[in-house]
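Scrolling down, you'll hit the structures one after another.
Next, two complexes with chain A in common: one pairs it with chain B, the other with chain C.
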Partner chain A sequence: MFFYYLDLAWRSIKKTPLLSLLMVLAISIGIGITITTLNVYQLMSENPAGDRSDKLHGVQLWSQGKDAWKEFNGQVTYQDAYNLRKSDVPVRQTAMFVTGLALQTEDPDFSPLLESVRVTDSDFFEMFSVPFLYGKAWDKGVDTEAMYQVVINEDLNKQLFSGENSIGKTLYLDRKPYQIVGVTKAWSPSPLYYDVTTGAFKDSAKLFVPFSLAPIEEYQSWGNNQSWKREPINNYSQRLSSEMHWIQYWVEVQDDKQRDEYAEWLTRYVEQQQLIGRFESPEAAAKVSNVEQWLKINEVVPEDNKILVGLSVLFLLVCLVNMLGLLLAKFLKRAPEVGVRRAIGASRAQIFSQHMVEVGLIGFGGGLLGLLWAWGSLSMLSAHFDLEAALTQLDLTMWIVAPSIAIFAALIAGVYPAWRICSTNPSAHLKSQ
Partner chain B sequence: MLQIKPILSTLMRNKSGPILLLIQIILSVAIVANASFIISERIALMDRDSGTAEEEVFNFRLYSFDSSIELESQLQRDIRTIRDLPGVMDASATSMVPLSGGGWSSGYTVGNTEETAKDTESAAVYYGDEHMLNTLGVDLIEGRNFYEEEVLTGSPDLATHGIVSKAFAKASWGDEPAIGQIMYAGDFGDKPIQIIGVVDKLQGAWVNSSYLDNSVILNINLVNVFTKVLVRAEVGTLAQLKEAIPAALHKDNRNRVIEGFTLISEHRKRVYRNHELMATVLSMMVVLLLLITSLGLAGMVMFNIERRTKQIGTRRALGAKKRDIISFFLVENYIICLVGGVIGGLVAVQLGQQLMSVYSLPKLEPIYPIMTIMGLLLLTTVAVILPARKAAKISPAIATRSV
Partner chain C sequence: MLSMKNISKVFKTDLVETHALRDFNLEVKEGEFVAVTGPSGSGKTTFLNIAGLLEGFTHGDYFLDGVNISNLSDNKSATIRNEKIGFIFQGFNLIPDLNLAENVEVPLRYRGFNSAERKRRVQHALEQVGLAARMKHLPSQLSGGQQQRVAIARALAGEPRFLLADEPTGNLDSMMARQVMELLEEINRAGTTIIMVTHDAELARRAQRNIQIVDGQVCDFTMYQHGAVADKPHLVAGDKRAVEPSSVEAEEATS
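Showing the complex of A and B:
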């Protein structure tokens, strides 16, 4: 029956090509716009931590003075990071920030590159599930006893060592020799959730060095450095003992119980710091947030995107109303034909489903064409605005989502016209034949 | 004369079509009004002038990774070398680059006594020498530039003289003359900075901040392993200077990374990218929406004409002119459009208020719904007239044929 209806639908569409084309166009444009905005929104709001989202927690401390910032800062001070690392509650934890260093190899002709480098602890790789191609992270001991070791990514390994196993080789960062201990596979979560301070949609660093080297090598911070206190910061030791927030801090806990335990530990830490005269604000507190909460707190999905999705859904609604009107016109025009079919025995349900199949077919066509629009507009936008590729590739799920929305929306729009046509009295139309 | 009564009764006889059209118009007006408001707001944001010669000024980054480099003398040699290159008009080291999205900002303490001292608004802080004004291409409207001997080299704390933007002067001292005022980098009395000049306009680095027009230039040549250098050169010479500058500086000392040559106009493009993107997508939406609405309308009119063939033929037979037939469809359309437009305008204002309360959007100005309705009336006139002219050609004979 379904295929018979499909055949009928196709004939009917061919009979009024202009009107049908108009309907397919209307719904496809609506779908195209909606899918475009939805695609960007979905990619932006994706939680890249997956099932580890509930285990990984960002740490925030209200360490500012009385009249300073009225909210938790996204980063912590060096002294707090230093102290937090002593906690043995979390399974894993890491302090980190981004710096930039000049990269040279043993080849004297290699012209130096300025690369951004993540300064972090050995737990980082395990916590954020960084896959390794060769080697592994530096030993845990290096986190306390600094050694000049470095982890590089696959791209850089290709560029410098043409992709060979480079473990044990030497790199020069700011003219200091570092031994390569690990090469990570291509890996770049989007959004870059563990550090959203300077934009959540960029590539992860190509190099990683131990956090314990920071006070020795005096790495500059390439991230946000925010101070609420007027204090002189003219050299590195002043920076390390300052109240400036510039370090990201993450912990991994086993379960909710351990998270509560860690929160309790942090509360005691805040109280202990208050005794020595820090954390002066009455609101002083600590806060841990899992990845999902973290993305929300940091407003990773820009407002603009939400507005666009909202408006494009309204847009789709207009397209549907438009289609509803056209369908109504089209179906009612066919009333005499339906009258004949009813008179020779077609039931209302059959007439109804016949018309719904036709509507569904139009919706399907609109969905496919809409995907094409979405693909076109995304490529146009990414070319024109030089956007991150991560944001403008058509997500795989959209290949299912788009036709589904289209068919579903078309069916909703089709219910009323189909009902109108199947509920008309056949005799009225037969008379005027 | 306008036959409003028979039109209304026609509309009432067959409600579903007009109601659908009405809903479509209401939604379209609500969307288009808000979208075009957001578009014009974004365009106004992007149109703001940075105060600098954006096509002439570019910056690059200089990273000295060799600890044996004597940074201070090296920087002075570098800047002199750059100024001597052909095509270069001027050059200066800087702490930040206008519209680049990264740099320094700070508030200061102003006031005559400790009791009346207050904090200023935040301002972008440029550290530079006596060449900076000319390098940026900003207009000094009051006071004077730094003298060469006033410029100090070292850390930010040393600053003693400042040139401020007009916006910052107004925010900090109101109508009092800014020249000769003292502001403090620390608390009242701590690290005084004397204001010696006012520039007409100089923007900071963050285009979405509330203090974009507040800028301060302080008399310091920052010494740091990581330096930004501003260069003003003749338009079109960047491509060649991109090669010439690293070559000249590397001849002096190879142990530096020199990269990131970017015109301020390129920074502008990048920093406003999201606004431009929003405006583009919304414009696309508006155009398509209007297209769909008018196509839908034309489709409905065509359908109505077919259904009313008999009626039209009868009216023509009874003496109605072609003009009357067209005006019948037009007036019918205007009634729906006006009713839909008014309701749509109200919905638009409501939607605007929702957007304003949830997101940081300004209040919708009433001119936008009004303009949208006007535009819609114009557009639908075209969409109706074309099929209606066909209707007017229906011969009276048709009407009698199938009775």
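Showing the complex of A and C:
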């Protein structure tokens, strides 16, 4: 019967094109706005680590003094990063920060570029599932015995080497030669969860260099640098030994047991630091958070965004009330035909189903048109407000979510009109035809 | 086949109660062709609606084909309407957006027949009324008489045991009316029980039995039109003496 109802619905829509269009428009505008806000919300709140979310953990240390900030900081000091790297509990671990370096090639005609570069350990690539086009990460030995090696991304490889295999070639960063050991495929998790300190919605770096080079090359931090203590930082050595928080630290554990084991290791580390008088606060502690928790702690999705989604849903409700009125008018006009159908054997349930299928079809149309509205709104937001591209692309799931929400919402709006029409007394209209 | 005992139907509003039927008693046997007459507002249509399970009743007992109709669920009523009853209306009541075949097919859809069976029955029903060649036409492309024949085909497609006709010739000229009546007689001869509400005395006379309804009550029976005839009718509730249709007509004219 479903296809019969679908056929009747399509005929009915064609019979009253203007009224049907009004209903489709009403629901599509509501859906368009809802999907726009939902799309932004979803892209913001997505957990890009997927099933590795519970294995990857951001590390936080309450290393600040008594009178400093009263919460865990998202970054650690270089001293702590240096010490944490000595733990053999995690499967993998990496310290990292972002710097900026002038990029040159061996081509004398190439104009230098200023590029942001992620300074990190070799484990970074496996931990965050970075796919490689050519080569691989530098060897683990480079994390302790520094070497001038670099991993670049596909875009940069195209720009510099026309996309050819560039492994073994040399790049100059701040005039120092670096050997290319790996070219990553296009990869940019959104949000950029492993470093949310300067905004979670930005592209990943185009270049990666070993963390072990930091004390040698004295890379400056292009990220957040937070100090709680008044201390002289006049040179790089002082920066490295300072209490400034500027390094992100992540570990990968196999399971919850290993996570607990690592948490215990961190507790012992904190106690040790307290003993030597470095961690002054009695609240000194350590914390590990998986990706899901990390996104919450860092408030990657602002509260305002949730309110906006709520408001757009309210707007959708207003559209549905409008649709309900139009449906009621349309269905009640059909009472004589329904009377005939009832007389010749249709049950109330069949009449109800017939009309709900029509409502669903209108909702489906509204959902598709709503997607176009959403796509237009996101493009407009992108063009006029200079938002990150990661936030203004229409997520693929929305092609299923939008029609589903539209059909569901339309069905809710259609329940009352469909119930009214199936409840009318058929005999009341049989004489009047 | 149809048995109504002490049926009453009361329409209530805040201010007034209207007794459309009161102590209504009727027995219709299988294969009968019964004409129901009566003045406007007497309760003929209410009777037909109750008989066709389109309306409930306030008191009494109604058995159709042995099934007690009191307190039937909507689904059950719809199934009985679909399987056992065919309706023919004065205004034809064809669905204007559907072509003839699709109109005739509607009750078969609700009955759950497969496509081949529906096609076969539609073809057969339209052939019975002589409109098989026009099955792709829309109702608006037909004359009133042809539309009524399509309505009859729709009623027949489900092979009902019981046909309810509410002034089936009311919107037709006399020639068309005669043709429709002949069709109904043919259907009746094939075994279908027919109850027909009509204002047309001539048509009523062609039925096997006449019932007159006055003020919501069965007034008189004519037991087999062509059989014994009694004297002038007395319009008293429950009076079961036979009466000639011409007398009914006379009474109707004076009411």
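The definition used in the following text is that the second predicted complex is superposed on the first by the 422 of 433 C-alpha atoms of A that agree within 3 Å, B and C clash if a C-alpha of one lies under 4 Å from a C-alpha of the other, contacts with A are read in each partner's own complex, and residues count from 1 in each chain.
The criterion applied here is as follows: a residue touches a chain if its C-beta (ideal position, glycine included) is under 8 Å from a C-beta of that chain, and two chains touch if they have at least 3 such contacts.
Source: prediction; values computed, not measured.
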| item | value |
| --- | --- |
| Contacts of A:Leu113 with chain B and chain C, given as first, second, both or neither | first |
| First, second, both or neither for A:Ala346, with chain B first and chain C second | second |
| Chain B versus chain C as contact partner of A:Pro426, first or second or both or neither | second |
| Contacts of A:Arg11 with chain B and chain C, given as first, second, both or neither | second |
| Partner chain(s) touched by A:Met1 [first = chain B, second = chain C, both, neither] | second |
| Contacts of A:Thr144 with chain B and chain C, given as first, second, both or neither | neither |
| Residues of chain A touched, compared between chain B and chain C (which is higher) | B |
| Residues of chain A at both interfaces, chain B in one complex, chain C in the other | none |
| Chain A contact footprint on chain B (complex, rising order) | 16-17, 20-21, 23-24, 27-28, 30-31, 34-35, 38, 61, 63, 65-67, 155, 157, 186-187, 225-226, 255-257, 259, 273-274, 276-278, 280-282, 284-285, 288-289, 291-293, 295-296, 299-300, 303, 306-307, 355, 359-361 |
| In the complex, chain C residues that touch chain A | 45, 49, 52, 54-55, 74-75, 77-79, 81-83, 86-87, 89-95, 97, 106-107, 109-111, 154-155, 158, 166 |
| Interfacial residue positions of chain A with respect to chain B in the complex | 19, 22, 25-26, 29-30, 33, 36-37, 100-102, 112-114, 174-175, 220, 230, 232, 234, 302-304, 306-308, 311-312, 314-315, 317-319, 321-322, 324-326, 328-330, 332-333, 377, 381, 384-387, 416, 420 |
| In the complex with chain C, residue positions of chain A that touch it | 1, 4, 11, 15, 336-337, 339-350, 425-427, 430-433 |
